[in-house]
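What follows is a group of structures, each given as structure tokens.
One chain, chain A, appears in both complexes that follow, with chain B as partner in the first and chain C in the second.
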Partner chain A sequence: MLRFLLPRLASAALAALVSSLVVFVLMRSVPGDIVGQMLGQTIDPTASAALRTFFGLDQAMHTQFVDWLARVLQGDLGRSWYQGQAVTRMISEAFTVTLQIALLTLVLATLIGVPLGVIAGIYEGRRLDAAIQAFNLIGLSAPVFWVGLMLLVGTSAFFNWSPPFAWRSPSEDLADNLAIVLLPVLSLAVLQAAAYSHFVRECMVGELRRDHVRAAFAKGLSPAQVYFKHALRNILIPLVTFMGMILIQILGGTVVIESLFSLPGLGRLILSGIQGRDYPVVQGALLFVVLIAISVNLAVDALYGLIDPRLRR
Partner chain B sequence: MATGSRWTARLAIMLVAGTLAASAFAQTAGEVLLYGKTDPGARSGGRLTIGSLTEPPAMDPYHQAADARIRVTVLSYQGLFYESASGEAIPLLAESFTVSPDGLTYTIKLRQGVKFHTGQTMSAEDVKYSYDYLRDPKNGSPGAGDFSTVQTIDAPDAQTVVFRLSSRNGLLPITLTHRYGGVIPKDYFATPDARARLNQQSVGTGPFKLKQFRQNSVLVFEKFQDYWQKGLPHLEEVTFAFMPNSAAMVVAARSGRVDMGIFTRPQDAEQLTSTAGLKLVRTPSMNQKSIDLGSEHPILKDERVRQAIALAVDKEAVMKASISGYGQVLGTMVAGMQARWGLPLSEVPNQKVDLGRARRLLAEAGHPNGFEIDLTTIITYDWMDAAAVLIAEQLKQIGIRVNIKKVELGVWVRNFQSKQMGFTFNDWPSSPDPSLLFYRHFRATPMGADFRNWNNAQASALLDRGREESDYAKRREIYNEFQKMLASSVPTIMMFSSDLLAVERDRVRNHQQHPTGWYFGVVKTWVAN
Partner chain C sequence: MTASPSLVQRILEAPASRVLSLLVFTALALLIIAPEFIASQSPLSVDPGRALRPSSAQHWFGTDDVGRDLFARVVHATRITLGLVAGALLVSALAGAALGLISGFVGGVIDQTLARLIDVILTFPPIIAGVVITGILGPGADHLVLALAIVYMPMFFRIARSGAMAEGARTYVEASRALGFSEVSILLRQVTPNVLPLVLMQYVILFPLALQIEAALGFLGLGVAPPTPDWGAILEQGKNFIMVAWWISLWPGLFLLASSFAVMVLGRSLRERIDAG
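On to the complex of A and B.
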């Protein structure tokens, strides 16, 4: 186990450090800072200097980075310069929103995409396959933003309905929560279901041509037994890898969907942080995103072992 | 309006005489006008939801210059005076005031029985603390510069505050309004986490208390039960829903999720005019869409080049193209103040398109074949995109080849503050007074910021006189002269003010938008059920 974890953790730590440094330097190289935004048309040098001191911007850049890093290592991401709230709290609030959307999307996309892919694989070359492939093509080529907008405008035009605007977590108000996440999840799921279906079909087609499948048929097993026990089982490993990739992709794709549907998720937190030059928020949230991506990859690696005992050695 | 102008006349007489005790009449007249007109049929209760495309970065009126912040904090924080829609300073937390004959001492009597949201009663010490904090540049408030002529603030007794000035400043009352600061309890900023806490809890005296501020989602205000104006506000609760894009807002307005939507693009608002139960309300504003011509630019520093550009720009056509005509073409004054302070449009130089003269001016300036120049536009300011294309076409007629350069707002602000504006579009709001509009922007340094490096001594002298003078008629003369100078020397081309656009449901009553775009009008808004 240690031999599995240690090298991965070391490279994860390095990746987090390097990306943090890049974000730190990039944010400070972008013209304009919070002081400029707070003072607007005022350019009083005393006021400007006072604010720079208040935010620690008068320190040398490497001092600022070391200070920030030292606090991060103690689990303190600092406070938002605008909101005054702890960045960790802002991230956790925003991430629960994004995570709910992402997980629901993943579930829905899996439920739609995997069966479609399996069916298309089984019926390779026939009409059903062509229909499913058409769906895949449309789903893969339609931009999330466009699908979301069409759903939003469409439901408004046909049902005179629009989602509630104020975010409610499932524990606050489940009905409202589901009404809020319905359209965003649908718009994301269409795309991901198509990606899934395409991927599973390819795997399935390849698998069904292999010798052990033919042998199973020759043995007289029922098609259901062949498909589910002999073919599908072998595509689980690539499927899990693919799920990990999709999850990361969905987490990234929510930025657009959060903006479209007014959701206070991680993407919008980062976006408004960048626009306002709220360095602690941007640095903290991006570090968090990097950690998430690393953990998903780690989890996928670990899952291989569970699915395929040969990989445990 | 009649009472308003009578009050103004009185104010002028009182200031000139230098002795005054505001009469009972003046106070009542003023109070009626606070927060817009009173609706005798108004009923109390109910909630209002307003959709907004802009979101305040924070709720701190002392340290945030953003207009999106001012719009909403005016509901929770109050100054000593209120800036009426027509640009007068009407006593608010002040009850009356007197000015010494030399114009250097303002003695302000405070209203009694005013409570803070924290429960304390307001006294002169709180007022002194608030304005002393605001004007000390070490506290980093964008409002500090407005108080450069204030020498001391004293609180001789619980109901009296005395401002002593180093030089005459006729606009002190309008400075004590709402753009920055507001009266808060003494020593508030000495308490731990004071700035951050303003995002969760308001500490002003205004009609609404902050209930909840959730970034990227909603801002909720509730009625302040101990508010000093009896019977106000009418609404129990006001919610601002922040919409990141206009499609979501159109949908929310149509389905009734919001009672009112404040739009920035006419084409979005227009989509709703055919929906039953919704109406589009236009209000002339105090913002201006302009083209700035910074004299640090090697070509633009020649006045003749700037005049030539002004003569080639067809403001009307640009307004039609960029905001579908939902606005007012400007001379040298924003629409909301044109009647009271504007030079009549017929008297403003360089307003009619005259390509012949423009070409001659360019030739005289040594550019007979025109030149090439970058025009800066700001990303997310939609109107600028259409306007830039049209301006490029218009300037091509006199040989100026325009490259459109899009920059992000933060970058633009940096260029602006470092006085490297070059040739750029600008979009800025104003407080309702010509000095607040012009002084900082056009007065030469160090008194002003002179962002466009205009460095015009004559204009600066006029701006100084305008600030010292308190007589309305004389001020008007001074500012008319200044506006002529502005239009003939062209450090900026004020093109148009876009109207404020509100789409309201039937149940929304007596909502009067203030020309600043700040939500003062919500105080007297009520809802029918």
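On to the complex of A and C.
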């Protein structure tokens, strides 16, 4: 277990450290900081110097970084320079929004994409396969936010329906919440279902050409048994890896979709943090993204052992 | 020996997706070479008197919120959007492939360190890395190109690295060493040409993905500076008028879709050809 975890945790720590450092230096090297944004056009050296001291921006960059890092290691991501809220709290609030959308998308995309891919693989080279492949190509080519825009127009023109404006969490009002996340989830799911379907089809086609499948047919098993017990089982491992990739893709995709549908998620938090030069928020949120990406990959690796005992060792 | 089928015959028998892709490529080439010939109106001239008009004989795609002709804007954006993506990926490919070739061929500590560092970029989903880079540096074509180049560099690095490792272990490299060729000459004259097709393939595969990111960054207002026509930027502008003037958003999205589609089909047929040997 330790041999499994240690190298992964070490590279995770490295990724978190290097990316934090790069973002830290980058943000402080470009013109324009929070002081400039707060004071606007007025040039008042005293006020500007006071504010810079207040935010710690007057200190050397390496001192600032070490300070930040020391606090992070104690679990303190600092406070937002705008709202004064704890960054950890802002992240956890935003992440619940993003996570709901991401998980719903993952479920929907899997439910649509995997069966489509299996069917396309079974009917390789026939008309049904061609139709599914056309869907895949279009789904992969259509920009996510454009699909979202067209869904907004479409539902309002054909069903005379628009999603509610203000965000509601599932615990506040489930019906409203689902109405709000419906279109964002749909627009993300189209792309990911197409990605799934394409991937599963390729796996299925490869699998169905293998000898053990031909042997299974030859010994008189029903097609259903061959497809589900012999072929599908072997593509579970690549499928789980792919699912991890898709989840990370979806988390990335929410940045754009949250901005389009004005959802208070992680992507919007990062975007507004960058635009407002709210350094603690950006640093904290990015660190969190790294942690999520790494946890997803760890979970995927751990799932391998469950699916295929031969990989357990 | 059978006579090889004529070009017309081959096109007629090809799968529909490939024919469509060929048509899209032809159309895009025309739009890139001579946009002013296809769209005679200016993509920049403003006329508030004709703002937010739906499509008509005079304005095929309608007009935007300041009365610019959308057809002209979308047509002129073709060269800008696709050019930015192509250029950014080229920078990315050159940097990534050079580093990857050296890393994979030299091996050892240099390789391990380089690979670890470049993996850091891969921790982030491409769009988030893109948002962070363009967001911090500010909008502008140069920053957009830089962001895309950085985001996709690891993908080129990886493919070139594994290619160089595989080639480096082959007999002809060993033979060249025995013959006294220098390491630099083996890497440049023998390994590199054998790895280049992989890099080229990667370029075609990544193009539609990079195009989506370019458009997304434009949509978030982090792309080229207005009023430059760019598909993502036009979509950003259309977002605010989506309920009153949906046509502003429809067309650039369709052009993005068609371009991605065409390149994706090209990528798949290239791969089939390579797999078939």
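FYI, the second predicted complex is superposed on the first by the 313 of 313 C-alpha atoms of A that agree within 3 Å, B and C clash if a C-alpha of one lies under 4 Å from a C-alpha of the other, contacts with A are read in each partner's own complex, and residues count from 1 in each chain.
Everything below uses one rule, namely that contacts are C-beta pairs under 8 Å (C-beta built on N, C-alpha and C of every residue); 3 or more make two chains touch, one makes a residue touch a chain.
Quick caveat: nothing in here was measured; it's all calculated off a predicted structure.
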{"item": "First, second, both or neither for A:V23, with chain B first and chain C second", "value": "second"}
{"item": "First (chain B), second (chain C), both or neither touched by A:S156", "value": "both"}
{"item": "First, second, both or neither for A:S11, with chain B first and chain C second", "value": "second"}
{"item": "Which of chain B and chain C A:L140 touches, first, second, both or neither", "value": "second"}
{"item": "First, second, both or neither for A:L239, with chain B first and chain C second", "value": "neither"}
{"item": "Partner chain(s) touched by A:T46 [first = chain B, second = chain C, both, neither]", "value": "first"}
{"item": "First (chain B), second (chain C), both or neither touched by A:L188", "value": "neither"}
{"item": "Touching partner for A:F165 - first (chain B), second (chain C), both, neither", "value": "first"}
{"item": "Touching partner for A:G276 - first (chain B), second (chain C), both, neither", "value": "first"}
{"item": "Residues of chain A at both interfaces, chain B in one complex, chain C in the other", "value": "30, 32, 149, 152-153, 156, 162, 259-260, 275"}
{"item": "Chain C contact footprint on chain A (complex, rising order)", "value": "11, 14-15, 18-19, 23, 26-27, 30, 32, 130, 133-134, 137-138, 140-146, 149-150, 152-153, 156, 162, 248-249, 251-253, 255-256, 259-260, 267, 270-271, 274-275, 282, 286, 289-290, 293-294"}
{"item": "Residues on chain A engaged by chain B in the complex (per definition of touch)", "value": "30-33, 36-44, 46-48, 50-51, 54, 79, 82-85, 90, 149, 152-153, 156, 160-162, 164-167, 258-265, 268-269, 272, 275-277"}
{"item": "Partner chain A, residues of chain B touching it in the complex", "value": "51, 55, 57-58, 63-66, 137-145, 193, 195-197, 199, 214-218, 239, 241-245, 247-248, 250-252, 254-255, 257-258, 409-411, 413-417, 428, 440-441, 449, 451"}
{"item": "Residue ranges of chain C touching chain A (in the complex, touch as defined)", "value": "15-17, 116-117, 119-120, 123-128, 131-133, 135-138, 208, 212, 215-216, 219-220, 235, 238-239, 242-243, 246, 249-250, 252-253, 256-261, 264-265"}
